[in-house]
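Two complexes come next, and they have one chain in common, chain A, joined by chain B in the first and chain C in the second.
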Partner chain A sequence: MKEYKLVFTGTTGAGKTTAINAISEVPAVKTDVANTDSTLNKEFTTVGLDFGQINLANGDRVRLFGTPGQSRFDFMWKILTKDAFGLIILIDNSRPEPLADLAVYLEGFAQELRNTPCVIGVGRTEEHHTPSLDDFSTALESKGFTLPVIPVDVRLPKDVILLIELLMAQAEADMQEEFLSQ
Partner chain B sequence: MNIDVGILANARNECRKLLTEQVGVLGVVISSVDGFDVASAVTRDLEPAKIAAMASSIAAIGIVVSQEASLGASKSITVNTEDGFVYITNIELAGQLCALNVIANSSAILAQIIYHSGEIKRRLEVS
Partner chain C sequence: MRYLGCLGLIKPEVDLIRTILRTSSRLDKRWALAESGECDALLVYNAEKSVAPFTLKPTTQLIMIRRRGEKHDGHVFLKPFRADELIDTLIVIDTENYSAPVPAGTVNNQVSANLYRLKKWPPADILQQHKNYMLLAVYLSRGTKTLQDLMTLSGQGEALCNNFLKVLQERGLLQIEGGKGSPIVTSIERPARIQDEKKNFFSLLKAKLGLTKK
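After this line comes the complex of A and B, so read on.
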């Protein structure tokens, strides 16, 4: 049995806490407290971490960690991504500038992104069509990243599982590339 | 966070008093549960905004740990270090839950800081 550590990060309100709670097979650990920031339309916000765990069909175990979204908690970003196998960045397309939101996490996790597989999940794309997935890909490319971007509704376990499967595939592809370039 | 200016002024005053009157205290920060600096007095090397964010993470993790262990509500957290300590305890400002953070070097006495923190709590919670 292998154990993997995956980290969910991204915009506050994009659904990191929701995603982990949607799929965890153990009671998830939440550290949400009352939000006092009036610029965020949100009753509760994560200030510590989220934690959950799932077992994959092949018996491997995945430990899921969620970060706080706001960059004032970037010290937790560092703590939580230590030894992470992969990173999932969640973006909320209903916000004013989703591409700028993405840039915050690409920058905040720049060091990890150099050698950690990553996928991007964009939420609320059905009601908010722009930026399009292509716009995200273009924005990523302009920063030198080639990462999978998919639309998700993290309230649905199947969407969260899809993100994790995509991340696993991304990790495998990275390993093959490394192998071929040797 | 919406707190009456008078209460905020009292809170700031209490922070300043603890900082100046107690030996070894390097910083006193009252922070909101979600990690904003509400009132503070610090020596120059400390950044209240950062302390506030960190305090809320530590306090939140303290709460889940005490829940997991069925030990009742978390009341305070002390981080003892080689050169001093950080003491974090709950405090209410105008009915809103906050944290009082005291950062001190080894010349401060923890028991004394706990006592004075209790006094500050008592005074601010009635104001």
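After this line comes the complex of A and C, so read on.
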């Protein structure tokens, strides 16, 4: 049995728990994960995170992780994202500076973003029109990223599924690229 | 000839749509306005229960009219109207309903060997929340791709892919390089070569999430 990892990140209230609950086959739970990486600061012995799961037909599993709610980037998240097949960054457009929020995650995950598929899901765009979706795309472009920026309501499973579908499409395009450069 | 019906639109709007169908070079007179009877696509505004005087075929596509900013699914046409968006939608419907699938392994030598790369994620008025467009944009965002690559990855026909590239190019979102003289790799060997664990995983996950690749 294999396990695949999908990580949801974003500020507190951005909808990580909601998104995981929308598609998880087990109720999303908060779990404490032991920090077994001895190179890390001793203070970080455990980290609380959201956890959900999707079971595949052959018995393999997709583990869904939500990074702990802190507004600041936490280096533990990088550990979590190692070997993940995708990273979903959720943005809450009702916050004071959503573009600054995005910048925090792009910087924090800069290394992972070189080879991990990533999509940006922007929530509450209907009540909060600014920044616009195009403002996010422009900010991404200025940092050298071309990542999907999708308006979402993560309470709806179909919106979360769309984000995952776009992650898989990124990986498929990457695989084709790898083949061509062989 | 395909027929487009209009339900719940006022006369000036219907006249505008008739003019678009007649004059768009991209539609190339493939679509005409239907007054009643069977239609291939039906534009619907504030739908009542009945579609009279029109009749629907199993393949008839409904295009719901929504205000910009409203949530929507499927084919929509947004108010205030923009001609290019209606044309894009009709071309998508054309492609979905009428294009013969590109047979695996065929290489169309006419297909351009240009390499395309998306510079910036396209704005909402291009994507129209249409999943096929989002997927095409994703494929173009990961390294350079040829038109053939795009068709292989998306499973979409040449018309849809080409049209999408054209729209991106018009909006300055595309970086284009001439082909490097490398032969176009046929679509028959490529999927076989990238068959691996991840592909299998994705197909299982897609099945689970109700995403079936056309």
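For the reader, a short list of remarks on this structure follows.
Keep this in mind: the second predicted complex is superposed on the first by the 148 of 182 C-alpha atoms of A that agree within 3 Å, B and C clash if a C-alpha of one lies under 4 Å from a C-alpha of the other, contacts with A are read in each partner's own complex, and residues count from 1 in each chain.
In the analysis below, a contact is a pair of C-beta atoms (placed from the backbone, for glycine too) under 8 Å apart; a residue touches a chain by one contact, two chains touch by 3 or more.
Model, not experiment: these values are computed from the prediction.
In the superposed model, A:S94 lies in contact with neither chain B nor chain C. In the superposition on chain A, contact is made by A:V149 with chain C only, not with chain B. Once the two complexes are overlaid on the shared chain, A:Q111 sits clear of chain B and of chain C alike. In the superposition on chain A, A:V29 makes contact with chain B only, not with chain C. Using the contact criterion defined above for the overlaid structures, shared-chain residue A:L49 touches chain B, although it does not reach chain C.
Counting contacts as defined above, no chain A residue meets chain B in one complex and chain C in the other.
Within the complex formed with chain A, the residues of chain B that make contact are 1, 32-36, 49-50, 53-54, 56-61, 63-64, 68, 96-97. Only residues 69, 71, 118-124, 129, 131, 134-135, 137-139, 141-143, 145, 149, 152-153, 185, 190, 193-194, 196-199, 201-202, 204-211 of chain C touch chain A when the two sit together in their complex. Across the interface of their complex, chain C is touched by residues 2, 4, 23, 54-58, 60, 62, 85, 126, 133-134, 136-138, 140-141, 146-151, 153, 161-162, 164-166, 168-180 of chain A.
Within the complex formed with chain B, the chain A residues making contact are 29-31, 33-37, 45, 47-49, 68, 70, 72-73, 75-76.
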